[in-house]
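As structure tokens, here come the structures.
Two complexes follow with chain A in common, the first pairing it with chain B and the second with chain C.
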Partner chain A sequence: MTRSTVALLILIACVAALPLFGGAYALRLGTIACMYAVFALSWNIVGGFAGYPSFSTAAFFGLGAYATGILMNKGIPLAAAVGVSLLFCLLLAVILGAVLLRLRGHYFAIASLSLVEVFRELVNNATDLTGGGMGLNIPLVSGSSVLSDATFFFYAMWGLLLVTALTVIAVSVSKLGFGLNCIRQNETAASMVGLNATLYKAIAFGLSACFVGAAGGLYAAWVHYIDPSDVFDILYSVKPIVMALMGGLGSPLGVVCGAFLYLGLEELVWRNYIQIHSGVLGVLIILLLLFLPHGLVSLHVGRIWRGLTGRKAKHA
Partner chain B sequence: MLAIQVLINALVLGCLYACIAIGFSLVWGVLNVINLIHGSFIVLGAYLAWGAYQWAGISPWYALMIAAPSFFILGYLLQRLLLNRVITAPVLVTLTLTFGLDLILNNAMIYYFKADYRKLILSPPTGSVSIFDVIVPVDRLIATGSALALTFLLYLLLRRSKVGRAIVAVRLDRDAAVLMGVDVKSIYAIAFGLGAALAGCAGVLMALIFPISPLTSSAYLGKAFVVCVLGGLGSVSGALAGGILLALVEGIGSVYLGPAHAVTLSFVLLIVFLIVRPQGLLGRKGFE
Partner chain C sequence: MPEPGHEILHLSNVSRHFSGLKALSDVSLSVSKGEVVGLIGPNGAGKTTLVNTICGVTPASSGVIRFDGRDITRVKTYQSARIGLSRTFQIVQPFAEFSALDNVAAAALFSQPGESLTSAREAAREHLAFVGLDAQADQSAATLTLAMRKRLELAKALAMKPKLLFLDEVNAGLNSAEVERATRLIHQLAANGITIVMIEHLMKVVLNVCTRIAVLHNGQLIADGAPRDIIKDPAVVDAYLGQQYAQRNAARG
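Entry: the complex of A and B
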């Protein structure tokens, strides 16, 4: 275990102590923080490890949300519904990944962006099943007090974050992670030496989709109402990229820090400049890309850290 | 009769789609940047036409002449001051940067114009003509004619002018163009400016036909994606072919599956094309 892995686990453990300190607002913020960290870690598998610019986070988030919502309306308990959503997103993403990840660069970016549009329109038009543009109401889980409900969903999302983080750590030390690194550096060479690039990429895409799908499911049960333009919002695809760029592409600790930092900034902007919040977000993105293109990890402290742990000495 | 009506509608709409996509295709082809701000440029152009007509009584035909140079300057400056700094970065960075720019412009438009749908209503209305029982609104016909004219102008510019040849050279082989003494930085800026100018003009034409709202920008962007992939990057004729194919598929899809499924159909077609024929219908390297 490297030092940054330990730091990541400690960071996640610290988040779990949040309910001791704050009320309902802190819980809400903590739940979103965990959700964003799940997004960023998941995106990092395909965007950071394999180097494919995926814009499909929103697609699987929405799909998971709707899958869970529909199942819960049929009377299936939350845990089972989220589990089924997770498996469904995993399977679908592996199949789609095997096809879509043959595309590279711009073409892959556009195809993954279009995936969001396709899923949104499908959900929009399947009115009988999903309620279409009217949205979908999801039954309450416990019916107990507001605070205990909030605590429950916080720990559910936190648990998902823990599972995601452990999976990502496992991937990064496994043969799969090594193979994805090879694919990022030179895919042609990687397949020349006998690496089954298609299989690796499909698994990576599946893993990057399934936890996002589960997060979507928890989100749907948490907010009790979803509609296509909310859960298939393209911003959900872009946010994890900004988080990863903020924290440092490819490093799990970096992207989680990026997710928390991003949430802090978003909350600050949202609270103070509600009318121009997306414009401020845009300015933030541009400043980040122009002045800190390799993320916080590239700052001085991070460089020393990486020198000590000896991981990934150089790559852009 | 329905078949002919669908066909004519597709031709009319297809030329407009081509006009939406051509600037996007130029920027993608030459700068290798997916320009997500394109949709907002189109909407801004539409607001320009609407504002000019509403407040100053300037007809959209003259608005075209205001839109082209002002959007060119806007695009030129954006590329020179911002995009140029990250132009060599991987696709993720350039794409996210244009997304950030799009957020700013779109938010600014929502702030100033509000999210209400507006419509440029010409007085007196132009009505419609019917040729062999096929009904075509005149404003649509004029917009299509202008779109074709704009597309043809770009073709001429790329084909005949010195700058145009330089743009094509950069697209074909950047390094060779540098060796031949082409100033790539300024060509990039000019190409981006041209893309913006085309988007602005397309917006002016869209204002004649469609309602205007900042929220429509992503729909225009989506059309540009699909047209570029269907027709293939790199040629004016490809954009036309892609536009007409998209309009045909949407038209036929609307008749048989219902208009709700037309968008889904077009994006499914996009993904299928990306996988089966990523170079598009008429795709090849080089911009005429």
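Entry: the complex of A and C
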């Protein structure tokens, strides 16, 4: 295991201790932090490892949310419903990936973006099944108290984050990860040495969709009510990209740090600049990307530490 | 040279057009095991297109390509890599962020079934040593000189354990010492029993290593035969070699 893998696992373990320190607000924030980290790690498989900028996070988030919501309304328990949503998103994404990932660069980005719209319209129009624009109510899970409910969903989302992180780590050291790395660097050369690029990309797309779908399922059960404009919000597609860029493209540790940093900024800005929060957040993100183009992981922690403890902090 | 190795590659009436442009028309060619065939012709003659067509990068529009007894006309690029066809690129195509070692390891890993990353890296060391890049194994491919990157291409191609190897201008852009070194390597490969088809503009190299020469011009095969006959062929002199070359050659006897 490399140092950054260990650091990632320690970071995730620290997050698990969050309920010890705070009330409902901390739990809510923690749940969202885990959800964002799942998004960022998932996006990193196809965007970071394989180099295909996908905008389809929102598509599978919404799909997972609706799949779980519909199943739970049919009386299926939460865990089973989320599991089915995960498999459903995996399969669908592998099939769609085999087709969509023939496109490259901007073309792929636009095609993946259109998935969000397509799924949203499907859900909007399948009124009998999904409630259409009216939204969908989802039965309560345990419901003994608000706090125990919040704790339950925090740990559920945290567990999903752990599974996602372990999968991503396993992928990054496997033949699959090596192959995706080859595809990102030079797809022509990759297929020339016998790599089945279509298969690898389809698997990557599937893996990047399934955990997002499961997160959607947990989210739906957590908030009890979903509607198409909420869960198919295009921002869910954009955020993971920003997180990955802030944290460090391709590095699992980096993108998780990026997810946490992004959430921190979002909360901070939202609280203090309620009227102009989008603008302020945008400016902050631009500044970060301009002055830290390779993300947080490019900072040398050791050098900064020496700088802070030495004679004088040297900002360079 | 004893010729009677059995046929490994056979093209019958292979054509390839890019909408209106006929890049290859009715090319029929046969290569036997152990041969070193030089593929020459002016720029734009279709030499690289021919290699691309055989490897499945730009599939043939019509015609049949057989390799080692099987029809590979419609076989995809990655599949042709797994059955023993490998190539180097005229414009080198390294995985720029990888070390030289991982570049070659990738070739071994994905072309050989059942290879693991560890065993692929071990095999990669040997191939790097063969092309004389063992000292640069851990250097990133982007930092290598052009000559080194050309040899890296060769090591990658060899890691795929080819039965038939296409060399696309391995000597272009190299100085004479580097050319000599590359030529020695090609001789060694041929001695190891690898069948080679090489695209090459340096006639010195072609005449030095090739057992046979095929000439493409405007997408058509205009000559195919022993080197000493080809360089006197008037059609080839007209299309490619030029009168000066022919006269110099004649003067030398």
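By definition in this document, the second predicted complex is superposed on the first by the 300 of 316 C-alpha atoms of A that agree within 3 Å, B and C clash if a C-alpha of one lies under 4 Å from a C-alpha of the other, contacts with A are read in each partner's own complex, and residues count from 1 in each chain.
Heads up, the rule we're going with is that a residue touches a chain if its C-beta (ideal position, glycine included) is under 8 Å from a C-beta of that chain, and two chains touch if they have at least 3 such contacts.
All values reported here derive from a predicted model rather than from experimental measurement.
Taking chain A as the reference chain, the count of touched residues is higher for B when chain B and chain C are set side by side.
Of the two partner chains placed by superposition, only chain B is touched by A:P293; chain C is not. Contact with chain B, but none with chain C, is seen for A:H106 once the two complexes are overlaid on the shared chain. By the touch criterion stated above, A:S145 is placed in contact with neither chain B nor chain C. In the superposition on chain A, A:G179 makes contact with chain C only, while chain B stays out of contact range. Of the two partner chains placed by the overlay, only chain C lies in contact with A:N196; chain B stays clear of it.
Overlaid on A, the two complexes show chain B and chain C touching no common residue of chain A. Residues 47, 53, 99-100, 102-103, 105-107, 109-111, 113-115, 117-118, 121-122, 124-125, 234, 238, 241-242, 245, 275-279, 281-286, 289-290, 293, 316 of chain A are the ones touching chain B in the complex.
Listing the residues of chain C that touch chain A in their complex gives 55, 57, 76-79, 81-82, 86-87, 89, 93-98, 102, 106-107, 109-112, 116-117, 156, 159-160. Residues 28, 32, 34, 82, 85-86, 89-93, 95-97, 99-104, 106-108, 111, 218, 222, 225, 229, 260-261, 263-264, 267-268, 270-271, 274-275, 278 of chain B are the ones that touch chain A when the two sit in their complex.
Chain A makes touch with chain C in their complex at residues 175, 178-179, 181-182, 185-186, 188-197.
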